[in-house]
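Naming follows writing order (A, B, C and D), and every chain is counted from residue 1.
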Amino acid sequence: MTLFINDYSEGCHERILEALTRTNREQTTGYGTDPYCEEARAILRREMNCPGADIRFLSGGTQTNLIAMTAAMRPHEAVIGAASCHIFTHETGAIEATGHKVLVIPDDEGKVRPAGILAMLEEHDMAPHMVKPRVVFISQSTEVGTIYTREELQALHEVCRAHDLLLYADGARLGVGLTAKGCDVTLADMAKYCDFFCIGGTKNGALFGEALVLVNPVLQPDFLYIVKQRGGLFAKGRLLGIQFAELFRDGLYYELARHANEEAMRIKAALTALGARFQVDSPTNQQFIYLTAAQADALRQRVTVDEQWRRDNTVAVRICTGWATRPEATDALIAALQQTLQ
Amino acid sequence: MTLFINDYSEGCHERILEALTRTNREQTTGYGTDPYCEEARAILRREMNCPGADIRFLSGGTQTNLIAMTAAMRPHEAVIGAASCHIFTHETGAIEATGHKVLVIPDDEGKVRPAGILAMLEEHDMAPHMVKPRVVFISQSTEVGTIYTREELQALHEVCRAHDLLLYADGARLGVGLTAKGCDVTLADMAKYCDFFCIGGTKNGALFGEALVLVNPVLQPDFLYIVKQRGGLFAKGRLLGIQFAELFRDGLYYELARHANEEAMRIKAALTALGARFQVDSPTNQQFIYLTAAQADALRQRVTVDEQWRRDNTVAVRICTGWATRPEATDALIAALQQTLQ
Amino acid sequence: MTLFINDYSEGCHERILEALTRTNREQTTGYGTDPYCEEARAILRREMNCPGADIRFLSGGTQTNLIAMTAAMRPHEAVIGAASCHIFTHETGAIEATGHKVLVIPDDEGKVRPAGILAMLEEHDMAPHMVKPRVVFISQSTEVGTIYTREELQALHEVCRAHDLLLYADGARLGVGLTAKGCDVTLADMAKYCDFFCIGGTKNGALFGEALVLVNPVLQPDFLYIVKQRGGLFAKGRLLGIQFAELFRDGLYYELARHANEEAMRIKAALTALGARFQVDSPTNQQFIYLTAAQADALRQRVTVDEQWRRDNTVAVRICTGWATRPEATDALIAALQQTLQ
Amino acid sequence: MTLFINDYSEGCHERILEALTRTNREQTTGYGTDPYCEEARAILRREMNCPGADIRFLSGGTQTNLIAMTAAMRPHEAVIGAASCHIFTHETGAIEATGHKVLVIPDDEGKVRPAGILAMLEEHDMAPHMVKPRVVFISQSTEVGTIYTREELQALHEVCRAHDLLLYADGARLGVGLTAKGCDVTLADMAKYCDFFCIGGTKNGALFGEALVLVNPVLQPDFLYIVKQRGGLFAKGRLLGIQFAELFRDGLYYELARHANEEAMRIKAALTALGARFQVDSPTNQQFIYLTAAQADALRQRVTVDEQWRRDNTVAVRICTGWATRPEATDALIAALQQTLQ
């Protein structure tokens, strides 16, 4: 039975494995000082039109977020995010464990808005009795699959500049975000508007790995110390460089993300035709719907999706495609939905 | 101009100063090992009918809360409180700085309720991706001046027992709580229903100091190491023992709290007669009202109260009496309110 | 020019890549809940004769050590190690960053001895003013290439039992330790005498990965929360399970380690014949010598070794073989040493 | 039996109690914003000839040190001290609990020397695998009673400037340091050569309290947030301001310290005449000697001193006078020493 529960159920795109195999017995120095990491950094800097970016390759998302936050804040500083953001809900208090409070704002689309930031600043003006907001944390795409447009990013950038805040984007699902229909944001825009952000490999074709991009020079000094201290400095750093070079050398990253989105849009169209009740309007690889308990139970007999919660007769369900989703599996899922929801 | 902005604007009750003066040149050993701390502990244990309680004297409220939370939780554990609770709003992220998330529940009366705890547990059942609730944090009296009845305490106690949670009460304002009209809770009840709690001296007649009571034996081993490590082990611990012995030897603590409440009730009666709009119905020394901007500005010419926030034409105001509030000052405040609000 | 600077200069044994390729498009659930992790755990539990062991697969050594220490200690507790131990010297204060002090004992062979532990306990008996030792940290093999015998492990085990200490072994180089000439310790002995330990994959044939073994049940509850919180919970956990299953299914792990040791012993014999001055007598893949500055400069023209430090005319050099060291490269190194040192 | 075990066995100088009594019922605002704190800051700034100094009053020594270190360092930075320094030996790992490693250098006189700093920097040049030294921690007077001369302070200042290090002086016993015979350092010198330091009240006539002086502007921004977060922001801050104003208004602080030193010098002279074996040559209120077990046992019958450790037949003893030591008690101690050691 095919899994539609997340976008990391498979290994990686075969070109990654081929590249790893091809380079396997070469000797290189460790910790990201090798030529493959250099190549990947050069490719990414060019693509994001940002020659001064410091780029570090890390192995997982929670690790990336906690290292980024650790390096960016003094002890009394805090990060502002949406109430649904990953660091607030699904990282076991990793940010608090580094000593920092996460201040959240409810939002149906999982976004942080300039007005929310301003209100949060106003609520925290009672120095020194309250934490001092320092970072704004967004996700592109968000936890509920929505995307920030260029205009929205620019507006966040401006409010951050005006109030001495740093803008961070969690790009664990950056691929599907940038390639979504209606998204006018490029990698270069990410680098233009964010002080730092990450590019997720794990959920988009890599075996594993995230690229953390430090655009703002204030974030760069001594950064690698923090990486090492928090257990994020990969001995065989080249494994990450090889992967990111492969993903970005000729657009494979975007191609894979586009595929995930296309399969999701097919599912979304089918759901719309079925009159399904959506939790949110998502243009990316995650689709969120409500089912009745009976529908959910019936669906479960035929396909595996992600049941988020169940209360009374309502079941919240997430359907997630990925870079590796087979079209026939999508066909089967759609058939199952049709039989279940009709 | 008299201050009604808090309950720690003066020094201490004169009996405290006299006791400090009387014992001043005596030599004792340090860190709470002296006979005065022993005496204070004995008095308190008797009063709370809890011979097994471990009692530690600390110098301030934030310190007390952060030490209690540090000792009680493993790194992945979290504390549940009301959205208005002091550790969430006014301690500069002290709990997060020790590594722990504070999970909050909005409540108009500033209370944590059993249903809220159960909902929070349900929301956090996705181990290991979410923090694990371990402590329930309440305040007696609360941040908005309300009190928990014995029945409410018992209900919290039971839900905590049933779900392996520890119940902590911040008693920075325990005196006014226990002596409020309508409060049927005694110090012995606090010890019966809470796993740990503190008895605030700073806001009720002491020069400074809080007594942290560890009722549940699971909290006692090695506790003093944590006190020392977080900078809370007072060299001249006797200063704290002397104060608490004096406050509890013959009921001075309650007498002072009753006075604060009585002055507050006079103000409350006057406000009620004036048709004032209360934020909440508080039976203790803090009264919370809404004024118009014009009223607040007029009042400010005659007396100093605590302006919490001001939006559009609404000003939220806290009026706070204390153990040292002079009746004539209360009279003057009431007169000012009458002239302003009529 | 061949690198003899460490044991992680290459990728991995080809069987690992083959297994990853073979399973690549399979779908599994995440976070180590997949069948490959189960298989690897079953193989390891059988091999270590310890059915109750909790085994977690992590991605790197510093991460493994910091997660293990975080989970094992309360805030006031400390870890005892040799002055040369990795957590004290080369992990950027990762253990201190989790809040714990590392207490160290100088030792020429990089070992912790029972007498040293007892002395450390005696020095720290001034509760609550000093940290409380809780974990004894050893490495097998050690940072200077030496090994603990079974008798030594048993003695440490006993002193730890007697003083309520937990014994942890960093096995980043466990393979070369267990297969060294003169080592009578098996994986089952590790599980018998240690409360917890790790089995390093990164330096012995894996692409990356460490297996953390929790033998003592006191360490097991809620452990995975800590893994997640510190960024160590691999989304595609199966990547680690696949590797460890492959390494331990039929002894590949030991075979690779034996090769590394054999190449090192050839180098050691050559050095001995040349009258080289050894820093320490190491039976494993790391050989430590002193050279003159002239010798070091000459050697550097022909081969790349790890120059540790240089003072006056003395250069401390580490020569490190690995599972992938080609015999011809070793021949060339020996020839270079002969030309340089004679 | 008089205690000579430390310098905080009594309360405070009577002028402190009188000032507290005189001001007791006055109302002031909290957290150090009151006129008494302002006055104390003005007096101290004038005395140290440093109008730009930010001065914060805290309640205890461990608290002061941990707040100072927390504010001064980023997560990967470390502090260098003497092996005997208080933060390394007697603060229960408080600095490590804030995340920072304490790097120590053995020294018979308890001092940090420029050469030791340079060696430590050289040992830690392997970025990013090692912590980065950032603060040099000294004590004036030191843990073993010795003092830094102006020349020594200046040399430390210069090596710190040259290597981007911050110089911190723990002045828990600053009074006896500055007034010791042979000490040419003034409070103004402390401010000139240190980036930050504290002035201890607890051990020199105050009821309690330390003044933390931030000279270097780089340390000043947002400092009070850290104070609050770590539980060090005293609600009734004025209690501290009143005490420091009293101690420094007309030289009471120095007068009390001189007394402690004089009594200690009488004891030292007697010990010298008796041929006692000193651990170190201390010009301040702490005298350190070795006794035989028989001598220590005999002495203990007559007077209470601080037995540090006992091994074989040797007992290390600290004799500590204070601002409150009665001359007759010193006479009795000297008589006891004469009877015991002769």
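The criterion applied here is as follows: a contact is a pair of C-beta atoms (placed from the backbone, for glycine too) under 8 Å apart; a residue touches a chain by one contact, two chains touch by 3 or more.
Computed from a prediction, not measured in an experiment: that's the story for all the values here.
For chain pairs B-C and A-C, the one joined by more C-beta pairs in contact is A-C. On a Cα centroid basis, the chain most remote from chain D in this structure is A. For the pair chain A and chain B, the distance between C-alpha centroids works out to 42 Å.
Centres computed as Cα averages put chain C at a distance of 42 Å from chain D. If you average the CA atoms of chain B and of chain C, the two centres end up 50 Å from each other. Chain A and chain C have centres, each the mean of its CA atoms, that are 33 Å apart. In chain D, the residues that touch at least two other chains are 75-76, 91-93, 97-99, 128-129, 131, 225, 228-229, 233.
Residues of chain A touching chain B in their complex: 75-76, 78, 89-93, 96-102, 126, 128-131. Touching chain B in their complex are the following residues of chain C: 70-71, 74-76, 99, 127-129, 131-132, 222, 224-229, 233. Looking at the complex, you find that chain D touches chain B at residues 2-3, 5-6, 8-12, 14, 17, 20-21, 23-30, 59-64, 66-67, 91-94, 97, 202-203, 207-208, 225, 228-236, 239, 324.
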